[in-house]
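Okay, so chain A shows up in both of these, paired with chain B first and chain C after.
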Partner chain A sequence: MGVVVFWVLAAGAVAGGIAVFAVDSMARATFALLLSFLCVGAELLLIGLPYLGLLVVLMMIMEMLIMAVFMVMYMMNPAGLMPMTMVHNRRGSAAVSAAVFAALAAGALLTPWPERRGVPAHDTTFALGEAVMGPKMAVMMLVGVAILATMITSVVLATGRGRYDRHGDRLDARRPADPGRGAP
Partner chain B sequence: MGEPGAVWAVAVLPPVVAGLALGAAGWDSVLAARDAGRGRALRAAADPLREAARLLLRPPRTVAAADRLLLRAGVVLLPAVALLAAMVVPLGNAMVMDPAVGVVWFNAVEVAVWAAVWLVGWGSNSAFGLVGGYRFLAQGLAYELPHMFALTTVGLGAQSLRVGEIVQAQQGLWFVVWMPVAFAVYLLSVLAMAFWGPLAHPVADDAAGGAAVELSGPDRLFFLAGRYALLAVAAAFAVPLFLGGGAGPLLPAWAWSLVKTAVVLGGLVWAGRRFPVVRMDRFAEAAWTVLIPAVLVQMLVVGIAVL
Partner chain C sequence: MTLQAFLLTASALFATGLYGALSQQSIVMVMMGLELMVNAIVLAGAAFWYHVTPGTADGQVLVLVAITVMALEMATGFAVVTALFRAQEVDMTEGAGELKE
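Up next, the complex of A and B:
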């Protein structure tokens, strides 16, 4: 049963990935990619990592929806409402992707995978939490702060209307100078 | 706790969710009739059934070059989200499943509303529909973090993400008593995720109905019913999270669950009629500058209390 579900999900993930490059709309491509990620999240559920699996589902839905906004915004035809293709430089990209696939598949098949030592944790969620808050704490703190700093920096650089524009140079405007002025 | 996985729980789930959704819609119609000054407002409770029949019978209107596939996906996703989320909501002691990460399950499923609303807005091939879809994403970025922190606070207080254990942890004292801020934030985020009342900007009148503008016939019925179902299920989840689940005197546990859910749901529907629509950028500002710090302080207090 588990094996059947695994292969169905694996096929779904690959099919979703292929669909990304086969459909003619950026919205459909985005949701094909999301479908592929959801299959991967379900695979994590299948191997007994419920927290990580659900987290992948949660994050991927949010991420792909935000990404849809940007993909539509930056795509090559106006407003993204006309048929498009995700594929450029067909021959070159086919060669590159075939080479990458062969390398990854060879890596997966040729690596001498280690034998399992010990038994899986009784509660994988708890074990994950202990790892993150224990031995991996320094890494997580560093990565977390770095990600937060990147987010704040990019927003500060990108925004055309920060708090000084809204509340004045001395930040003393009671009512922000927003474009859509409703009630105070 | 309870009897997760009971076969009858699976069978009971859809009718209970449908009944709660219908009740919410009926209550909203009664409030609307009363506000409009119509006599015998209670008779308006049957309006949603009439409207449903009308939508089922009316031939759907279609827009040229609409992306039917994505539109239908969004329309079906909304009620599906409500049903999937309801699987971890206990009715008394019974629930369809009680996974170790039940709270995360609820959160992960409920986030799919983002996809549903955007898909409907995009698939309609309508400018106003698209505006509504984008509005919901902006609103989502505003409500989702306070919502997650409220859920995290509950998990922290119960020291578990399993819904059954969260209910058990409230045997002495309901979480609403010592986590009032988290409860308020949760209720607000319920309004936001069901784009209801003050947070109905994604389907607001100023955009001619926003994401739902081009929906007609059965599509519209599914979308609106899914929205009511989502509101009902999210309100029902407040009961095990903050209101002690099925705990209460005299009545059986399932009855207490229903009574508490009805009170929360009725209050949310009433609040939806009572307050004006808030623009999502204003809500975003309030969410990031007020709600997130407030719920973080709440989490700190709970964390210290638990230690």
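Up next, the complex of A and C:
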């Protein structure tokens, strides 16, 4: 039973991934990508990782909805009403990705993988929490700093007018140069 | 559910994402390709945890890092798209050849 479910989910993940670059409409591509992520999240649930599986599922639903909003904001032709192809070097890309797949698949099948050691903890979520709050604390700290840095980066990049635009290069303008002559 | 089956699925996802990242012109579609590649890493990491070292949580920590990378890539990608669109009104990789406004 588990094997059948695994292969159905694997086929769904790969089919969703291929559909992302095969469908006309970008909105459909977003939801095809979501299908792929949901299948991978379900695979994680299948091997007994409830926290990470649900994290993938919940995070990807939100992320794909945000992505759909961004497409409507910025992209030309997000609904695919006018069929157009927006690809370059399709043949070269296909050749490179086929070669990479062949290499990875050969590695996966031919490598003598080590034997399974140990059994999963009774509560895998608890084990993960204990690891990141104990011996793997450095990972948690680095991830936290990376998230903070990304927050700052994304705000700086997305801001149209920062303080140097408003108060001059030396930040000495008494009145900010706002379109609406903003308050000092 | 052998390790090889998991890794084959992950390889297919990775190769599909690579094709998209190389061939798409729209910046958001390139980001989708990158997301698919990280998705493959999440699956492969979880499979290694389950089939090689289920006794420790090391593989789970790796998956957690990959999921974080996915979220950060998305946030930064959207910010870059916003900056590019604001500066030059471009949404294609070909239009983003120059860094200055």
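The definition used in the following text is that the second predicted complex is superposed on the first by the 140 of 184 C-alpha atoms of A that agree within 3 Å, B and C clash if a C-alpha of one lies under 4 Å from a C-alpha of the other, contacts with A are read in each partner's own complex, and residues count from 1 in each chain.
FYI, a residue touches a chain if its C-beta (ideal position, glycine included) is under 8 Å from a C-beta of that chain, and two chains touch if they have at least 3 such contacts.
Quick caveat, the model's predicted, so the values are computed rather than measured.
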- Who does A:31 touch here: chain B (first), chain C (second), both, or neither? first
- With the two complexes superposed on chain A, say which partner A:123 touches: chain B (first), chain C (second), both, or neither. first
- Please name the chain, chain B or chain C, that touches the greater number of residues in chain A. C
- Message: With both complexes overlaid on chain A, does A:55 touch chain B (first), chain C (second), both or neither?
- Response: both
- Message: If we overlay the two complexes on their shared chain A, which of chain B and chain C does A:71 touch? Say first, second, both or neither.
- Response: second
- Which of the two partners, first being chain B and second being chain C, lies in contact with A:112: first, second, both, or neither? neither
- Overlap of the chain B and chain C footprints on chain A, residue-wise? 55, 66
- Query: Which part of chain C faces chain A closely enough to touch in the complex?
  - Reply: 1, 3-20, 22-26, 28-29, 32-33, 35-36, 39, 42-43, 46-47, 49-58, 60-61, 63-65, 67-68, 70-72, 74-76, 78-83, 85-86, 91-92, 94
- Touching residues on chain B, where the partner in the complex is chain A: 67, 69-70, 73, 99-101, 104-105, 107-108, 111-112, 114-115, 118-119, 122-123, 125, 134, 137, 140-141, 144, 161, 279, 281-282
- Message: Looking at the complex, which residues from chain A come into contact with chain C?
- Response: 2-3, 6-7, 10, 13-14, 17-18, 20-21, 26, 29-30, 33, 36-37, 40, 43-44, 46-49, 52, 55-56, 59, 63, 66-67, 70-71, 74-76, 86-90, 92-94, 96-98, 100-101, 104-105, 107-109, 113-114, 116-121, 124, 127-128, 130-132, 136, 139, 143, 146-147, 150-151, 153-158, 160
- Spell out the residues on chain A that touch chain B in their complex, using ranges where they run on. 25, 27-28, 31, 34, 50-51, 54-55, 57-58, 61-62, 64-66, 68-69, 81, 123, 125, 178, 180, 182
